[in-house]
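A single structure is presented below for examination.
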Amino acid sequence: MADTILELMDVTVDFKGFLAVDAVSLSVGRGEVRTIIGPNGAGKSTLIDLITGKTRLKFGKIVFDGADITLRPPHEIAHAYGIGRKFQGPNTFFDMSVFDNLLLALRGSTGVGKSIFYRRTDDARGKIDDILRIIGLEDKKDTLVSALSYGEKQWVEIGMVLAQDAKLVILDEPTTGMTADETYKTGEMIRAMRKDRTIIVSEHDMDFVRQVAETVTVMNQGKILAEGTFEEIRQNPEVIRVYLKE
Amino acid sequence: MAILPIQLMNGLFAASVLLLVSIGMVVIFGNMNVVNLAHGEFIMAGAYTAWGLCELGLPFSLSVIGAFALTAILGALCERLVIKRFYARLEETLLATYAISVIMTQIARLLFSSMKKLVPLPVSGGLSIGSLVFPAYNFVVIAVAVFVVLFVCVLFYKTGLGKKIRAIRQNRQMAQCLGINTAVTDTISFGLGCGLAGLAGAIIAPLKIVYPAMGSAYLMDSFSTVVVGGVDSFVGTAMASGLISESTSVLGGFMSEIYAQIIVLIGIILVLRFRPNGLFSKEKR
Amino acid sequence: MKSIFKRVAAAVLIGAMLPGVSACGESDAGSADEIKIGLIYAHSGSAEMIESLSEKAALLAINEINDAGGINGKQLTAVSEDWESDEAKATEKAKKLYLQDGVNIILGTCLGTGTQAVRSVAEENGKLFIAPTAGSGEDESPNMIFTGGTTYTFTKELIPFMAEKFGNRVFCVGSDYYYPVRIEAQTKALIDQIGGELVGSAFLPMEATDCSAVITKIMQAKPDFVYANVVGSTTATFYQQMKEYGLDIPIASVITSEMDAITLGGEYISGSYSAFNWFASSENPLSVSFLENFEKAYGRDDMLKVNATITASYSSIYLIAEALKSANSQSTDDLKAALATAEVDTPQGMFSVDAENAYYAKNYAMIIEWNDQARPVTVFASENQLPAEPWPVLLFPNGKP
Amino acid sequence: MKKLSPRLKNIPRRATMNALLLVFILIYPLTTGLYQIDTMAKVIPLMIFALSADLLWGYTGIMSLGQAVPFGIGAYIAAISNNVSAGIPSYMRTYGITEVPAVFRPLTNPYLGTAFAILIPCLLSFMIGRLLLTGKVRGVFVSLITMALSNVLMLAVNNAQRFTGGSNGVNNVSRPSLFGHILSITENYYFVALIAALLFAVCAALTSTKFGKVLGAIRVNENRVAFIGYNVTSYKVFVYVFSSALAAIAGILYARTCGMVSPSLTGLRLSILVIIWIAVGGRGNLTGALFGCLLLNGMERIMAGIIGDAWEFVIGIILLLIVFCVPDGLIGTLLTARPGLKKKEAANG
């Protein structure tokens, strides 16, 4: 784990005096699955917004794969640097088919000119078929996303992140609203996709965390409270205090 | 003769007119998030109502109150029949309210056979301040504008109804859960907004000719004012109408009216672009 | 179920609207015993008020002519079209009249914008167009005649009259459209000629709702009189605010007419002056009987609004009828020749086309003062017909540019 | 069959509609007189204009209330170019202008004039787009700013009488000429129809590419598009400029067919009308925009003949009916089966 892919140095987000993220430093190694947990309002989502360029930080620096991505616009972070993100709750293009959703997310051809003259290659088709297989929606590829179940929509989103061919995938509460069965299936998907990617997951569901996690980071009130394996974290008295208090 | 004091005074008067025609939109656009393209037509309806009531022999002050009440009822009716189905759907609201504006204009044309009628000035003659003379009615308009802002502020910030309206704006579902009858509150606040537009129409009726298409001239003005003022703030809108009118008036004193208008419009565009929350709003998310 | 219902509804609505697209195209050149005259007047929009009455006046004249036996045994038939105060519609309607209805001569449009639109269609199709308004040079065309003469004719009478009566410092106000801008240029030249001074001028946006800034400028400039050519709803605002701001400066205009005066009321307009080719105070017996007939046909409210432009529509029909009678043909060339020599007695006096500037009718000039009933009182009326001056020598010393 | 998406299944139906429309336009002149042909030749540019607004609003979700700005500027430049290439227009002569003003000199060449009539609106839109469509200004504010812009333009055009003819507008604009021959009414009709058909084909091709899908994605979920790596602003600006080019071409053809331009062509009314045409026809499928424009323009003329100036009242009622009963528009409803229907079909099958 000596090879670091993402490094946050002393980043701070200031919402008019409220420090949603307060001087957080974090480093994630290449190929790691990192889980971020913490009570509501701990700053998990804000931290993810920061990395993907949605929220602008006040102080600090973010380095991704050797490049400084501090304050870059979202589309550049996604496209040029290869950070994919799944939002909390389904966030797809609901009046398009599953296939089109994945096609749009496919890496490359994001410029205006390229998209006009884009021709679908067999390669691309094969790639989408692979992803459909991973997310288990092969026989629904031409269905409009709006006609899918809640869990299926979440999977489409995971599929979109996969299609982006991102080096780093960030999943913001991917199992919200899923049945236990669906949650388990999602966990398996994440394990399947980790082989050549780094993954950051923010999550509430402890069973799920146990299923996927290698390293767990616990956040509270904008700060990092603890970091370690799932077992270490489970026995950390500080963490227990914060969660019990809730 | 010093020109600046006159211009400032004229600007204050113009600001009061602008404030009156815009304040209904603060309620409807700012608090209910409905883009009401029929706003001008409610102004027109108010002007015609005031004229009708004056013709019936009512004193002007009662006619104004009557115009407020009748247009408020008309607005509430529109909300019940049309608007309430389109909340949070910008495009449908635009189309529906445009349809309402066309229908209202045409009904007015049928009823009043398009003849321009004039409401007599309730007070005429000039009042002098120092060596300067201003029409007495200008002061009435200014006073009414101040009164209306105070009235609406008290209504919104000191009464239960106002609290309900603001609660719905902030979180509709939560408001419902707390037992607020959102449907009734919506109807009341839309009616209130339309009634305020009608009141403005009644107040400006003596200043100009009343005719079915008169409202369209006020639509753009009131949108600009409300947006510059910060959409949902009464005080902000008051300040914005002051700023817009004073700058048009003062600029207009030194150059062509047309150029003054163009410059102010471009200023408004820049404000919309760089301060979409308005010049005077404090709370920003 | 619901979406099936929606699709049926959509299909029904389309079905209901389709007939609209395939507009029926019957084109008839007219039967042998009728002569068609095209009328283009606005029934809605900014020109509605004046043009709906103008149309009534034109129809009144057509009825009178038909009742008196028509033209060489043929009846006049009016084909009316509404241009909705929209220039693009005006060209479309003019094309309809010329191309589809087989009309050779159109009367109508009192607004400059409409006049221009119809004129270019008349030129393109080689047909005739009569505008019942005054022109100002640049818009003349061999296919059209302004029966209201030229604006300069009236400005030329009004400015010296006012200057002599009140003094020669003038302030010029106008709505920001074609006419007032031309008039301002003419006024400036005229004032220079009589040794006066144009102390200021200002233009108001169309449909402006507040004139206080202009009035401030007038207060500053302290003119002897204001030459105001404001149109639409701004007219009322301007006259009223002048009084309310306590400015006791007389206002002169070649645009403010009976119609504005009645709308405004005597309280605000009394003591102001207007000039044009005709006012309701004319003592011409034909004028008196015209107003009586108009009142009989359309009621007193409408009669009180009759102004020079409306009367010109009435007179123009008589001019056209006279030309049709003497030409006894409907071809453009014959009619044009006949129009050039036709002379007819109308409420506005003897009506004829100016021989030198054949695009304009020769006109009389009248100056009136408004009384407290908002009615005109004649203070000056020219004895003879005055020539049209589309290119006043004062402004265009080398003649037509 | 089961696997076909509702969208795909409807492509033949849309093609049928387009073909019907094309046949109608081709045979229309054979069935009627010159006036009707000329009127229809005026409506066809408005259909192009509707296409331009549909790309912007229907596909991308940008509701501009200033779409008449590029239309009007295109029309004005084309009209002035046509006038100055034949000499000094009379409205300039009254100002003592004896030679073509320097700014208009390039316009004396008709080809350059046409080029400028397309390029200048595009350039303006590019600047407005860069300023406006950055994500900082959203939804209704874009509508309000564009509305204010069209107000500014209308005031300015009206005021610059010396160059634009003021309220009288620019008149005596001739129909387009090809190879030195000024087209007759019927020739012009087919010329305009040909250009409209070509532009429709371009739009249809454009929207069927990945680019078209990105536009749809931006309409539905602008944020998400950015996070999968698209520069939303440059897409929006591109569509805005492209639709301005279409609007400008529509304006040019309109001015040349109509024979005149006036300040009202730049105003708010036309911008609102085009939105209504699309709403009636259905957004986001091009065909709906064409039908909506044709239906409403046809109806307006027929009803004006039957009930006179009260036709606007009827338009208001129809608009309300549409918003209530068929919010997807007439054509849109005929074309798209909603997901609900799809499920039912699946259950049956």
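For clarity, chains are labelled A, B, C and D in written order, and residue numbers in each chain start from 1.
Note that in this section a residue touches a chain if its C-beta (ideal position, glycine included) is under 8 Å from a C-beta of that chain, and two chains touch if they have at least 3 such contacts.
None of these values were measured; they are calculated from a predicted model.
Averaging the CA coordinates per chain and comparing them to the mean over all protein CA atoms picks out D as nearest.
Just count the C-beta contacts per chain pair and the biggest one is C-D. Set against the C-alpha centre of subunit C, every other chain centre is closer than that of A. Averaging Cα coordinates per chain places subunit B and subunit C 36 Å apart.
Taking the mean of the C-alpha atoms as each chain's centre, subunit A and subunit B sit 48 Å apart.
Mean C-alpha positions place subunit A and subunit C at a centre distance of 72 Å. One finds 32 Å separating the Cα centroids of subunit B and subunit D. The set of subunit B residues touching two or more other chains comprises 109, 256, 258, 261.
Touching of two or more other chains is recorded for no residue of subunit A. Across the assembly, subunit D contributes 155, 158-159, 309, 312, 322 as residues in contact with two or more other chains. Pairs of chains meeting the touch criterion are A-D, B-C, B-D, C-D.
Of all residues in subunit B, only 1, 3, 6-7, 10, 13-14, 17, 109, 114-118, 120-121, 124-126, 128, 133-138, 204, 207-209, 211, 213-214, 217-218, 248-249, 252-253, 256-258, 260-261 touch subunit C in the complex they form. Every residue of subunit A that touches subunit D in the complex is listed here, in rising order: 52, 54, 73-76, 78-80, 84-85, 87, 91-97, 100, 103-105, 107, 109-112, 115-118, 139, 142-144, 146-147, 160, 164. Subunit B meets subunit D in the complex at residues 35, 37, 82, 85-86, 90-92, 94-96, 98-100, 102-103, 105-107, 109-110, 220, 223-224, 227, 256, 258, 261-262, 265-266, 268-269, 272-273, 276. The touching residues of subunit D, counted against subunit C in their complex, run 24, 31-36, 38-39, 42, 90-91, 93-94, 96, 98, 155, 158-159, 161, 165-169, 171-173, 258-260, 262, 264-265, 291, 294-296, 298-304, 308-309, 312, 318, 321-322, 325-326, 328-331, 333-334, 337-338, 340-341.
Here subunit C touches subunit D in the complex through residues 2-4, 6-7, 9-11, 13-14, 17-23, 25, 27, 43-44, 82, 84, 86-88, 91-92, 95-96, 99-100, 112-113, 116-117, 119-121, 123-124, 136-139, 176-178, 181-182, 203, 205-206, 401, going by the rule given at the top.
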